[in-house]
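Before any comments, here is the structure.
In order of appearance the chains are A, B, C and D, and numbering begins at 1 in each one.
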Amino acid sequence: MTSFSFNSDNGAPVCPQVMQALNDCNTGIETAYGADRWTARLNPAYSEFFEREAFVFPVGTGTAGNGLALGAVTPSYGTIFCHRDAHVLTTEGGAPEFYSGGGRMSLLEGAHNKITAKTLKRALHDHGTGNVHHMQVSTVCLTQATEAGVTYSLEELAELSAITHNAGMKLHMDGARFANALVHLDATPAEMSWKAGVDVLTFGTTKNGTMNAEAVVTFDPEIAKVLGFMHKRAGHLSSKMRYMSAQLLSYLERDLWRKNSERANSNARRVAFALSQCSGVEITHPVHINEVFAILPPALSEGLRGSGMRLRPWAVDANGHGHRLVMSYCDDLAQIELLEKACQNYTSSNLGISA
Amino acid sequence: MTSFSFNSDNGAPVCPQVMQALNDCNTGIETAYGADRWTARLNPAYSEFFEREAFVFPVGTGTAGNGLALGAVTPSYGTIFCHRDAHVLTTEGGAPEFYSGGGRMSLLEGAHNKITAKTLKRALHDHGTGNVHHMQVSTVCLTQATEAGVTYSLEELAELSAITHNAGMKLHMDGARFANALVHLDATPAEMSWKAGVDVLTFGTTKNGTMNAEAVVTFDPEIAKVLGFMHKRAGHLSSKMRYMSAQLLSYLERDLWRKNSERANSNARRVAFALSQCSGVEITHPVHINEVFAILPPALSEGLRGSGMRLRPWAVDANGHGHRLVMSYCDDLAQIELLEKACQNYTSSNLGISA
Amino acid sequence: MTSFSFNSDNGAPVCPQVMQALNDCNTGIETAYGADRWTARLNPAYSEFFEREAFVFPVGTGTAGNGLALGAVTPSYGTIFCHRDAHVLTTEGGAPEFYSGGGRMSLLEGAHNKITAKTLKRALHDHGTGNVHHMQVSTVCLTQATEAGVTYSLEELAELSAITHNAGMKLHMDGARFANALVHLDATPAEMSWKAGVDVLTFGTTKNGTMNAEAVVTFDPEIAKVLGFMHKRAGHLSSKMRYMSAQLLSYLERDLWRKNSERANSNARRVAFALSQCSGVEITHPVHINEVFAILPPALSEGLRGSGMRLRPWAVDANGHGHRLVMSYCDDLAQIELLEKACQNYTSSNLGISA
Amino acid sequence: MTSFSFNSDNGAPVCPQVMQALNDCNTGIETAYGADRWTARLNPAYSEFFEREAFVFPVGTGTAGNGLALGAVTPSYGTIFCHRDAHVLTTEGGAPEFYSGGGRMSLLEGAHNKITAKTLKRALHDHGTGNVHHMQVSTVCLTQATEAGVTYSLEELAELSAITHNAGMKLHMDGARFANALVHLDATPAEMSWKAGVDVLTFGTTKNGTMNAEAVVTFDPEIAKVLGFMHKRAGHLSSKMRYMSAQLLSYLERDLWRKNSERANSNARRVAFALSQCSGVEITHPVHINEVFAILPPALSEGLRGSGMRLRPWAVDANGHGHRLVMSYCDDLAQIELLEKACQNYTSSNLGISA
């Protein structure tokens, strides 16, 4: 019996088209540090994608992307508002504090890891501004889609960005799964970024098929200028830049962002449907993208494990029956069928029917 | 006529064996952030290579590697001594200051970009120690081989490290071309690192055939602990780590470090010899590795350009006739022959012989 | 009618003995930066006071003291645990983040602004340690007495410091009102500092009679070494140091720490007693030192204001009837009597008796 | 025989008028952190002095003042140009790097510790701008008067500030002896600050009679905003601010800046004259303010020591015969006469005349 898992989209290999792009550009001498033919096409390609002049800074990790983006818009005495369960807060080793030179994260509550207009307004009211005894409100950081796999609607983004800008702050979007959210909302990249008031975006592609390539994107030349200096200074400017740029280009030009996201999102819906048919299962967050969070009865999780599947516990209830399943562009459909089969077996046995 | 250049080893493509390693590991699901099968072999492989337990932190750039290494051993109030023309000072955007949280670079003179025992001792004497009005001596950073393509001998390293350690400081080696230096000195990796007193090493591989993969290596568990936290915090811990590790493994296991360096060094010697036969040429630094620095008479540089070669000016004399030529593992031998031919033509015409 | 207030002990003038000490030392040439006759006596005097070798660093503000102390024991990737309402968090402009180079404050709950062993243990358990994806537990910061005017008992301190040290962390005490707490607990300085496991202490004296003079005190030579460099680097090493040292000496040598605290604490007890006799008054925190927190019925607060007193609202209840009254060494007893009179009037009128 | 010295103006006591101002304000309750009656007059008084709206931030040391000022105008990736012997570089523990979050000092040569237009232009040309591989030119820091006791003329300031601003940089003036320079140049405060292009000024008063009180002054509201946050964050906002403000007010209002400087400068001229009459003496820097730098023949220095004077060696020649003598507002004229007498004795004995 083969072992399989839906642990993380970070565990997937590089998708064939990206690997092909890497192999294709692996010929001849190119000038280093971004003066190559692929990088020359990077800003134009992303500008076209976003329907506005975009400045792109390739980095190897989402942590680097978030750190740089937040550091470029947050003074050392600035407060960054984010959700209490945001990845940038909980699992990035303090990158925002490092890149901002000592900024502070202020934590907001909200269902499905979403900041709400109400909690943000309340936090701003409580925080105050201009008083030298306090940190200064500076930046709002939201994750699209959130770590709970849920998207902000365009209306929600518009409302949050209005509050952010009215308070003189900048809006950063952690788009580790930006493409998955785009596909779910059926929005244009422009609508979900600058039209929604995003000042600087971490546009992740690694979880959706590339080999450690993320793009920090801004539409503001002043932010771009600062990003350029920080990007080099922190050691994120690749000497053999073509290999970063070729990936980021193929991601757009070969429509991988859409195809891979559609596949992953669709797999997640299929998994969520199968689980939801099982008695005792609670799907704990709406399934917008490629992640399914569910409380599974022990008999079901045993059944799934019996089918060869490794299940990742994820704390959502007191009994520890919470789990996270993440789908990716490259899931083996046979594995999804095994999961569906295990769900059916569980349901049958629950109904007193032998499988 | 084909255009060619010897501008930089950073401009070379990824060597076929490394590309093969990347393609080979591109299959199946792996746990992210270093819990994969390739990364599991990383510390053991480097420990074997260095004949001592080594802790390896893969990063994408030399700037990241140097910044992390220096930051891990330098307090915010620490002084780092380096050569006035060291790359880490002149061309890395202030990474040492960023990663150390405000340390200071103190600049030393020396022929061929080498720090000497004498200048270091003098600097330490002038600097003083323990006085709170001054920065505190903390770290010595040397480049092996230097930016002038010259190596420190093992004896020189031993002397410098003794001075460094006697002053209570740590020794960092920027090994952007570590393998080229190893090959030139015919030393073991152990001899040129921890046996020579190196506390933390930036072991570059990108210039010698990989795709943006450098290794920060330390033999000290305390430094390793700090490096681990900083490495993640600065955004250098890859989620799809296998692609970093697979490269760094292939570099050792397939003996690429040696083969590629031997090829590049040998090409440089050939180029240096051809140039040195031309009247009016001055080779300005000993040719130890894969770099040739030379003052070229205008007639010769014109001749070289006439053969299709792009020449990179590099300031070494008042007349601006200085040039840097960097060879790499993948130089087309036909191009070296073109250069040799151009040199012969220049010599013949100088002697009044028609080419 | 004279206006008066009990707004803050920071509003009091310098006590006469300290002013005398300043005038006394204002004669003759002294060597700058601490090589004067007063500073020579500083470490010895504090060592005697604390019954152990102490290293003293004078600073002008509590924020500087806390920032330096926390920065000296917290790496840039470290987490500092403090109470959610700690002054160092809420009202010091982000000094801990600045001085630690990007550390993070982690907020704990607890009645009367006190961290409890239970909440600290839970926080440590939730935080984890050694995982590079997270900040690293580093420091516990507690305020003695707290911002709610309540002291930790010696037993509580011992328990908290044991947890702190077992987790490999350092214990910092913000002693803005250290002397007031000493007097309340009738403890020795040694008992309330190093014997209780305090690694570094901000020993405030400004609120108790000096002119902007606080002492960062440590008993650990390694911490002292780091403090020395940071103290100068941040601009807290006075050139005319004698004026800092003379104050800090007089504070101990003339027993001002005890006399002034006893007076202020005693005044607070008197005020608390008067208020507590009024119906509808709720004293919201135990009155251990020189602060009284109370919910006052509007009729009473009006009566107090009618007596000439300015009252500082302090949010403790939904109706906004919370107030903070802070006593100091120099309170005019006539004003306390006015307050007592106003309380009596209120009580009489409440009982239907004309005042 | 009384021992005396001209070691440093930092060694002088607080002048009587400042001490009086401190004693005068030591009465009654004042609101803390700058909301007192003295601080209310601070910005107006300095605005009048400088003939333009000025924003004043009191700090306790020159290091704090310089660090804050430089940090407020220098990004973390910025280069600060200063003279190789500037106090801010050599003797302030790395404050500029700390406050800027990792900026870099770039060192310029120049006689009498003065930056020249030529060296600054050359440095800017060599440094380049906009290239992400390098730090970015950001700030020029000059000391008025310099550490060699020499002033920049208004014309020199105008020329340097034009270069500074043309390069998009800010100009900081370390005015540790600002008043002494004003008196020497017979310039107005406006002429020597904003009219000369100074963006932010450290206006020292401690060396000229106050008790650890310096003023960071800017005329730019944007810089002032940043300074306000950093000033608190670094722990330089005094709670009992009245004692800082009362000093800084008395310094202007009682004309102490002028009277004390005139006295100190005049004493220096007298000392310089006496020394210059002695054969073998070389006055190594023009005597503009209250400092005399001189190479003294051993017989003369012995004679001076014989008169009871302690002499501070100051490296200016290979033989170690260099000395620095600093005069202050409070020099005992009897001591100056002793020095003059010793000089006469030396001259007489040199001429073969018995003293």
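As a working rule, a contact is a pair of C-beta atoms (placed from the backbone, for glycine too) under 8 Å apart; a residue touches a chain by one contact, two chains touch by 3 or more.
Bear in mind that the values here come from a model prediction, so they are computed numbers and not experimental data.
Each of B-C and A-C has its own count of C-beta contacts, and the greater count is at A-C. When you average the Cα atoms of each chain and compare centres, the chain farthest from subunit C turns out to be B. Subunit B and subunit C have centres, each the mean of its CA atoms, that are 53 Å apart.
Averaged C-alpha coordinates put the centre of subunit A at 44 Å from the centre of subunit C. Among the residues of subunit A, those touching two or more other chains are numbered 33, 76-77, 92-94, 98, 101-102, 132-133, 229, 232-233, 237.
Subunit A contributes residues 4-5, 7-8, 10-14, 19, 22-23, 26-33, 59-68, 92-95, 98, 206-207, 211-212, 229, 232-240, 243-244 to its touches with subunit B in the complex. Residues of subunit A that touch subunit C in their complex: 76-77, 90-94, 97-98, 100-105, 132-135.
By the touch rule above, subunit D contacts subunit A in their complex via residues 33, 75-77, 101-102, 132-133, 136, 226, 228-233, 237.
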